[in-house]
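Contents: one structure, followed by commentary.
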């Protein structure tokens, strides 16, 4: 049986399959369906300094092979996470990664300072790419300078593994990746959602309260895979790939393109046990093709 | 009851009206602990334009035969696809989801359903009946075509009907039914149906100081509280209809009533 | 019956439905299926100064609700178009628009000069957004300065209607649109394909000979619609919308978002008569909703 | 013959081997002018992962009954979906597409098919037979399971079989069949099947200075010459397999043989 362990900086994952922020709650939502401990890691919901109510309903629209969301970082804030959520999940036999979101650099810093006290949070994923909040969010992820600034600021206060999550809504994602690598990011994860929109032609109104929202699911997979490939060629730090991954085949494509680990997002909604099937499928693929380790396929695309 | 992703077999698919049909489903998992008001999230197979699952209320459970019923109205691509399911085919459900109607201290209730919103009320009526809680059931629709399974409801309570076109029962909106002319001493109103209807029901309940629970049908992606797409605005802020609902006491909602 | 006429600068279209470049050949390919004269316009294949062989096979990969292509502007050059194609199609009772592509500004200019002699070519669509050619192509479409330069140069030699076709692979498409508007573009069309990729996990090779290619079809519709909405708000010139349009509902969404006309691309492959259904569907929608003209819905999204 | 988008009805769907099945299809349009080597582009309904149409050769036409046959091998999602088509169901085809095999001056031909590549050869054999052109037919496969409809081919020519595992006919690759030991005076070789097989057939034809036509199966998006996705490299540059092919004289291809 092939060795599925991968390493993202100091983070050791028992397999390369994690869950994507905002699609897996905090974990308990999935306990009836899977053994959370079987996952390489879970990335919890976007967490901000203050509680946020998110956007108004409707926040979701189905699209061809995908969906738009406009949740807008609804969460009860970092203090609530620390006091009420963390105690419930800290025992998980997997890596718990907090997705840190914000509108101001100071907010990111404060959240990270608070989280650094938690023993069982070995890494954060810095979300500089949320398309669903008015100020900040994606803005940080669409210019090299802004991405560098927030990465640098967070690096100063966060000694553990720092993953920066990139926005796909840019001309040159590899450049952004390089600028956060230069400021000390230990890894990058991509892609967040593509900015999209849908209209109800009967009411002549947008389907989302916010007009535009984030597109996720299989529809975006080709774009995500291309970006992961471009970024993996451009940086030396590990890349965590995501975007539309719905089965083991998809996951393997991302690994071949250069991702050291992958995250599963929207697919959890359709099959809450999909992550387990994906782990099994990767293992079977490696065995069938006589690879002894998942590293035998990471970045091994021939082109 | 633990949630699960379970393959059910279609035992029967019965057309009840021009747009409604009844699916009878069975599987291995025990349905004893399913509660009225809960729902399932259905995977629509072979449907290129149906990416996400589709939520449907549990219409009824036959605990003896361990059989589950869904009452579905053809609204779009997914529900129309389900309408063509053949006996013996497979249907993947995530269940049971959501909270349930509460009936701890209820003595006399009225159940008001409109259109396909009646779906969860049959199961509720059955449970109330089991607990010897007397209930009036008021079914509304646009026309007689919308009113289905009246005999079923009659088993569990006094059943009244209104249609907007007067083709069955009284003519008019449910909230104008003559049953409201005299106070029947209800201590609970349960309602499910189109939002405008539920809002007028809620208004009636509020004015008459009767407890009122409504079942919401917000669009959902996951159904299990992990996406935060299905929120409704409450006095506690935006909360998920799929986990803290679909049943809400109207006091908790921020409806302008 | 509602009035379907729309105007794109000097171009009068009998209805807002055109075909997208590279997906409709030159027209004759569809004569068995539809009356070409029923269309608002057709945009012919990307035409370059010199003949181009395009990229090697394989050039296509199916993806969820979409496809990737890497045709790479295969065409026999502008002279062949003028001498051998134009005579066959000039009689079409519709607007024939030539999609002009190139790698150098001088090439664009020369192609336009040659085309300007053709009486029945009332407009060109300047393709500054092809993702499938090595130099030039998309590069022009991903920076405001380059987009402005090529637009300005072509404007000098092309007096008839000038539509500039934008790339979606950018951070801020509205800015690019404004910069071509400033240089005299009469309209913009969008979106071209999103850059994507797919991998065959058995051979561990890319599915396209060029590794990356252009993603089209329903999968990209939400992104395209969002961009059309953003651009329509930003510019005063008409916007031609496209990206995944497969039925009348989709087309109406683009019109509501602000497109004065739309183009149908990939959907032609699945149903070569789809354009006619779309025209009918738009008409039915207008009639059903008691609109007397398609202008009653263009840009009429309520938000 | 004018191309059209036509709904056909499935008259029968017959399983021929573990992976192959035969669809018998009928519609209103007249099939008299369909040529051997041409193909159809099929819309696979109810298949979420099948976005584009799927091309299949015209396996045969029964002109009298105006019926069309497709011989299909289960390769992936689309073809597997088609395998489950029931009698009476609908199938949308664009047809007829592509060029055809040429047989103007042919006197004696050999038809060599491998795997499901045999599909267009039955129709070709039939046409050659109608024109009194004598033909040898050589069918190859990995095992006997791949070899189907032998009796059909026998109606139109002398039929020979090879399988790689020897489970039917001679053992080995088609190009090693004993029929090639003596020169049978063929003035045309037609071939369809996996590319490596067609290449060895082409090599044989070239060495023996026999005309040779092969039918290619490049992946296609439109099938009507409008997307330029299906090209093959020829002495005239990249040209579309769907319009200038699928049948090519090997002289035109740039195969390294």
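First chain written, first letter: the chains are A, B, C and D, and each begins at residue 1.
Operating definition for what follows: a contact is a pair of C-beta atoms (placed from the backbone, for glycine too) under 8 Å apart; a residue touches a chain by one contact, two chains touch by 3 or more.
What you see is a predicted model, and the numbers here were worked out from it, not measured in a lab.
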item: Shared chain contacts [chain A and chain D, defined touch]; value: B, C
item: Where chain B and chain D are represented by their mean Cα positions, the distance between them in whole Å; value: 55
item: Distance from the mean Cα position of chain C to that of chain A, given in whole angstrom; value: 34
item: Computed distance of Cα centres, chain C from chain B, in Å; value: 47
item: Centre-of-Cα separation between chain D and chain C, whole angstrom; value: 36
item: Sites on chain A at which at least two other chains make contact; value: 63-66, 217
item: Chain B, residues touching no fewer than two other chains; value: 48
item: Pairwise touch network: line, ring, star, complete, or other; value: ring
item: Every chain pair in contact, whichever chains are involved; value: A-B, A-C, B-D, C-D
item: Chain C residues touching chain A - in the complex, by the definition given at the top; value: 63-66, 68, 142-143, 169-171, 194-199, 201, 203-206, 211-212, 215, 217-223, 225-226, 229, 244, 249, 252-253, 256-257, 285, 297, 300-303
item: Contact set on chain D toward chain B in their complex; value: 46-48, 50
item: Residue ranges of chain D in contact with chain C within the complex; value: 2-5, 43, 49-53, 94, 218-233, 237-238
item: Complex interface listing, chain C residues touching chain D; value: 22-25, 29-30, 32-33, 45, 53-54, 56-67, 69, 71, 74, 217, 266, 268-273
